[in-house]
Every structure is written in structure tokens, then in C-alpha cells.
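What follows is a single structure, written as C-alpha cells, with notes after it.
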């Protein structure tokens, strides 16, 4: 695959985002976006050290101007090569709270990142994805959204997180239906379970490793979605560890 | 049913909101909320003239302070009688536009009313609904959200409206699951089709009347939901005219 | 409502079926079908004693010839008056068993009643329902299917019951889409929880009454569905007690 | 991957089944089941000629004894090596007919293959899949069911096909939930669109190739599902061509 096209991963922390960046970074130059550079710096370094090319840009995806700044830096770095894949992996703060105790700010925080951020990111990357639609030997340009159990179920006290994730799923469907005829592959992944990252080390104590989701496993599946040809698009997929109840 | 408890309908226009207000106004004093008094004044007058009691309050449901003002006026009017039923029928502006042509403001408008508004409204009315939980001879206090086809399907160019409606559905589920054990009945209605109101008079031209939904039919079904006992709660229902494709 | 049209309830036991028969029996002559006459005799007597008209017919809904016999008796009794409402409430035997321990007969039993029975019943009653489509002053003729949690979720060891109920839901949707344009109202109800009947008296011990569904509550909701006008059809509804987890 | 474990594909015609057999046949000895040997013979030959190992067995998956015969032949051929992957790709006859014109036999034909067949096949292969659960270096043993649009939507006149496919989806979920904790990966694929095979050559005339699904694309995705580790199981996935409306 001859390619100057790059991949962008928004919402890089030590889990899914980093794994996805490493996976796509093996095939493409890759841009890592996170608010806090601490979240992407080691992964950027790791990719660059292992022969890939990665840059990190501190970005608040819920801010149009911050996204615009990021896109300007991307253009400086990569010119007009176009985008092969964009993964939106950012999530609003996870607040679990009785409805009557939740502030307006806590409630809308879920939407601001998960959905408004996804909208701003999509608007920024879709023109770049469209550039690579007919690129010879390329996989169809791909836009993937990371959802959660809360994308399809609104549990008690989860109104902030779930409303943001439901909204993002609606956005993903709308974009899929508008842009599929133009050759863009849009997929929404329902990640159902606890991802195995440093922060969740002590969760599900006493359970075997198969109780948590592997971030690398998610990244492998995202990569597979990216490789699907125009005749065979997956628009929604669920992913859970073998011991998850559902 | 002896009762000082009142009903509140948010989002009153010439269609569903007015019909619901009339229906619930036959049993309860009823409060009509809409931004523009033009939207509720004739219905308020009609209910008062036909022996019921209704007041209208100009309210922007997407504004916490506007909702607070409304609740203060309601308390002045009805004291601490508690709320028997609250219906959230407001919708964000309906913008259908290619994703790349949509402004951030147009996109978030869907959420601001449909979901943030629903959240603010729910926070305001739930304490009043909880007051009537054990009221003798009362139907279980009921909170109903008016959804749409776009609550479960994100069509092309519908990203604003659909993301707001998906988000509202998540909110409705979260509230249902938190408050059902406390005796509150929360229902989400998927209104799938064109409602027969003055504004849609020229839509579906040449089709018989059964191609549109009757606002009175919706109101009758909302009233039935309200009368369901604690043993028999419906949390989601769809409603469409007999000629609707689905 | 002037009417010789009658209602038919298939699958009458001491719970939902009996309650539905009583409810519809207050407005229409009503036919009760069950394999075992013990299951309908007391309800038939009760309806007849309270001024209504009811007959019971021993019927195996999974048998085409048994259904045909029942329809012949119905015609003898009611002539060609047509059918106002038909409720399919029969369920396959509830077998919960590890997949590898289940016999073919146990597996298909779920489908035979829940779905093949529903098909045979629908074929028998639809011509009678079509007769009353334009009857003056009548509610739209209504065909209601009683589903369950297992209509939308296949739990472990529930393969027999769930596959039958999923299949019935497909059938209900297909019939709804074919016959709605002809004026027939088809509804599928997801009954999610334990119904409060003699057989379940000892289930959920220690829980308050709101942990179980009231059969009368279901019947009231089915009646409401029947009264919906052609402009306002509900095709799917869920029903659960306030203490049910979902 | 050192392995004597084999793969089984039930329902091999010139489309998905053959493509899946070729794909899995590149890694495993593969057994092809179809009623009519014409349907598998050329694929069996092709796999054997290209260095793989394949056998075909004429089997009626809706018949317990026919399945049993097939399993006996498989054991003769492969001993007790166990099964690495089993794909159920058989479908009932596709009959689209008004409900009132459909015979009982036509109606149940959908279920007999799509669901009863899937049940019988699952009972036969699960013990063989369980044998390979802890095989060193193996992917988790995988059982995949091929569904369709009709697995989640019952369209008009589609009652036979849809009820069989809904039922199969219930079965797949029940098996997934029972056997995932034992290490078996069960996936259900919703194939939404026309598959590009000789029989559909003249369908969607005038449309570009991206209007049909590639059988090879499906096979690649099934293979990816098979490679997912125990931490990252996909239980449901949809697949459609880029020009499909959904």
C-alpha cells in the first residue's frame, strides 16, 4: 500500500486510543490527539522509535477552535495527503450520580465530548477522508466511533454518560448514511465491559483476565474494519470479554 | 379522583402539546409551557372556558433559569400540591442539512432543547412528582417524553435532530430505571410519522387522512399510560398512522 | 358501539388470557380458546353470568385442523359477523435447559405454539378481522400478540422459549406491515416480568406486590390499543412492574 | 498454529458458504455440508487442489439423523481432533408471499432450516468446539451464524423467512450467553443486502458493483471474528455494501 495518507486518533489515553494508534501507526503516519500531552507522549515516542511516524497534538475535541488549530498543524506536517482513517475515541467524563444531585454542567459534559466533540472532529476529518476515496490500493477511508454499553442502554444514574453516547451513535448513523454512497466507511463500536488498562487494574478483582477487554483486541478489530472493502462495510459491531454478562 | 395535583406540559404548540394539555386538563389543573405565548394562549383559554383550569408560562426549557422561573410561578399558583403528570413534548429546531454545511450552533440546537431541556425539566418536576407517589386514589405520577422516528434511527443529514432525540431517549431510560422503584412511571413515546397539524396541512398531499398521526390520538394514549397501575408500567411505545412505512 | 362482531382470545389460562377475555367480554361476545377446557371454563361462566356472552372451545393452536374446527364452531355460533379483536396469548412450554441436554422436541415446542400457532391463528382470524374494517362506529380491528422478555433477548438456556418468541415477533411485524394499509391494527406486547397469577404465588417471595405484573393491567392496556384510531397505531409496547430490573 | 482441528461450514452454495470454506480452508481442514453435492463439489476440489484439505458431505441440516450421519463421517475422517470453527450459513427457502396465500409448510420451512437446523448443527458441533477450548496456540473456538436483514426486521410478506431468521438470532444469543464463559466465541452476522453470486447476477441491474456484498468480504470478516481473543468477542456485527440503504 503506497501511501502518504495518515491516520488520526482522537482521545488517546493509556488504553484503546494508544493501542489503536500503535496498530494504525504500523501502516500509516499517525496523529494522536488528547487534551493532556501526558496521555499521548509515550505512545508517540514508542511509535517513532519503532520505525513509524507519529505526532501528538494537545487538543480539546469539544472546542471548535482547538480542533481547527489541530487540523492546521496536521496540514503543516502532512500537507494535503488526505486521511486514511480517523478514530474518535474520546469520551465525556464518567459521572454516575442520582439525577437530582447532578449539575447542569455535569450532565452536559457527557454530550460535549462524546457527541459535540465527535461532530466537530467529523467535520474536520471528513474532507480529508474524502480525498482518499479513490486512492489506488487504499482501503476505503474509515471513520470509527468508540461507543459503550451506555450507547444502547440508559442505566440508572448514567444519564450524563448515556445521553452523550446515545447521541454519538445517532451522529455515527447519520454520517454513515450520508457518506457511505461517497465511499466513506463509518463504523460504531459498542465496547461492552471494562477495558484492561492501568486505571482499571483493581477492578473486577479475583476475576480471570478474560473478564476485561483487551485494548489491543479492540485495535485489531478496528483495523479489520478499516480493511473491509466497499462491498462489505460493517456499520455496527459489539465487543465484550468472554466473561461479560449481557 | 380527589386531587389538587396538577399536570405540566412542556412544549405546547398547535399539535401534540395542545391535545395533551386538553386531555390532561380534563382531569387536572394544567400548566402549559412554551417559549412563545402565542403557542399556548388559545389552548389555555379553551381549557378555562370549558370548565377546566389552565395557565400558560412563557418558558425556554433549555434555560435553567427560565425553568426555575416557571416552577416559581407554578408554586405560587398551585402551592405544594404536587404534580400528577409531566409531559416533555419540546423538540429542538428541525434542521436537515449535509453534515459539512451544518454550523456547530445548528448541530447543538437539537440537543439543547430535546435533551438538556428534558434534563432541566425532569429535575424540576421529579420532586413534585415524588410528592404524589402515595396520594390516595391517584394514578402513579407519570413523566412522559415525546420522541420521534429519529429517536432510534439516525438518517442522513439528520444528525442534529437525531442526536438530540437519541440523547433524550437515554435520559428517559436512566430516569425510568432510577425512579420506577420509587413509584414514578416514566414513558418514552416514539412518534413515527407526520402529525396532522395546521403546519403540515400540505404535507403528504393526495394521501388519505390515515397517512398522518392524530394529536388527539397521541393524547389519548398518553392518558392511558398515565392510568397504568404500578404493576403495569409501559416504558416505551411506538405510535404511527396506519399508512406509515416502517 | 353497535356490534355483532366478536373477540377471540387464544391461550386462556388463569392469568392474562382470562383477564383479556373479561375485558373484551365487557364489549363484545368473546371466544376463549385453550387446549384444556379447565383453563377457560370458569372464565366463560363468569362472563356469561355477568351479562356478557362467552364460549370456550378446546383448541390446540399449533394444529391447523384444530384451529379449523374452532373456526367452524365460531361461525356456527356467530355467523359471519366478523371479528373485532383477536388476541394471541398462547406460549410454548417454558423449558429452561442447557443446550446440550435439550431434545429436538423440547426445542421446537417453543416455536410450535408461539410462532406456528400464531401463524395458523392469524391466517384464521385475519379474514374475519378484514370484514369489520369499515364497520361504522367500530374501533379498527385489532390483532395483538403477547410477547415476553424473551422476545428481544435470548438468555442462556432459553433457546426454546426465546426462539419461539423472537419468531412470533417477526411474524407480528410482517403482518402489521402487510395489513396496516388495509386497516388492521397489529400490536406486539413485550411482557417483561412475572405475571401475578396463582401459579406464581410463591415466586419473588418477600417482594411487594409491585414486583409482579397485573393481568388486569395488561388487559386494560390491550383494550386501549384496540381503541386507538387508524391515525394512531401502536405496533410495539413494553409492560413491566415498577420493581422489574430491565 | 499447530492444529489437527478442523472447520465445518454448513450451507455451502456458490456464495458465502464457498467463500467461507475457502478462507477457513487455508488454515484448517474443512468440512462442507450442503443437501446437494453440486453445491460443494467444485469448492471441495478447488481447496484440495490448492494444497488444502476439504471434504463434502451431503446433509440436510433440518434433519437430526442427517446431521448425525454427517458427524459420524467427520469423526471417521478427522478422529477426535476437535473443531476450531463452525459456520452455520444455511437458510430456509426464501418465500415472499401474502400471509393468506402461504401454506403451513411454506411458513415453517423458514424455521426448519434457519433455526431448527441451526439448533441441530449447534448441538452436534459444540462438543467438538469445547474440545479445542484450551488448545495451545489456537484461536478461541468459534461458532458463527449467518443472519440477514430479516433477522431484525419483519417486512410485509416475509413472515416465513423473517420468523426463521429472528428465531436463529435468539438461538445464537442463548448459545453465546451459555457458552462464552466456557470459552466458545459465538457470533451472529446480519448480512444486509444482496450477495454478489451467479444467481444474483441480474439483480440491481445498472448499479455499480458496490451495490452488492462480496462473499469474500464476508469470509474475511468471519475469519477476523475467529481470530478475536477471549478478551474481545464480537457477538453481533452487521455487513452491507456501501450503496445499501438501511
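Per-chain numbering from 1; labels A, B, C and D assigned in written order.
The rule is short, and it goes like this: a residue touches a chain if its C-beta (ideal position, glycine included) is under 8 Å from a C-beta of that chain, and two chains touch if they have at least 3 such contacts.
Since we're looking at a predicted model, the values are computed, not measured.
Chemist: Count the smallest number of chain-to-chain hops linking subunit A with subunit C, moving only between touching chains.
Modeler: Between subunit A and subunit C, the shortest chain-hopping route counts 2.
Chemist: Going by C-alpha centroids, which chain is farthest from subunit C? Tell me that one.
Modeler: Chain centre farthest from subunit C's centre: A.
Chemist: On a C-alpha centroid basis, what's the spacing between subunit A and subunit D, in Å?
Modeler: 31
Chemist: Roughly how far is subunit C from subunit D, going centre to centre by Cα mean, in whole Å?
Modeler: Centres of subunit C and subunit D (C-alpha means) sit 34 Å apart.
Chemist: If you average the CA atoms of subunit B and of subunit D, how far apart do the two points sit, in angstrom?
Modeler: 46
Chemist: Give me the residues of subunit C that touch two or more other chains.
Modeler: Each of 177 in subunit C touches at least two other chains.
Chemist: Looking at which chains touch, is this a line, ring, star, complete or other?
Modeler: Contact pattern: a closed ring, each chain touching exactly two others.
Chemist: Can you give me every chain pair that touches, using the contact definition above?
Modeler: Those chain pairs which touch are A-B, A-D, B-C, C-D.
Chemist: Name, in rising order, each residue of subunit D that touches subunit C in their complex.
Modeler: That would be residues 64, 98-100, 102, 104, 107-108, 111, 115-116, 119-120, 122-123, 126-127, 150, 153-159, 162-179 of subunit D.
Chemist: Could you pull out which subunit A residues touch subunit D in their complex?
Modeler: Touch list, subunit A to subunit D: 140, 177, 180-181, 183, 185, 196, 209-210, 212-214, 217-218, 220-221, 224, 227-244, 246.
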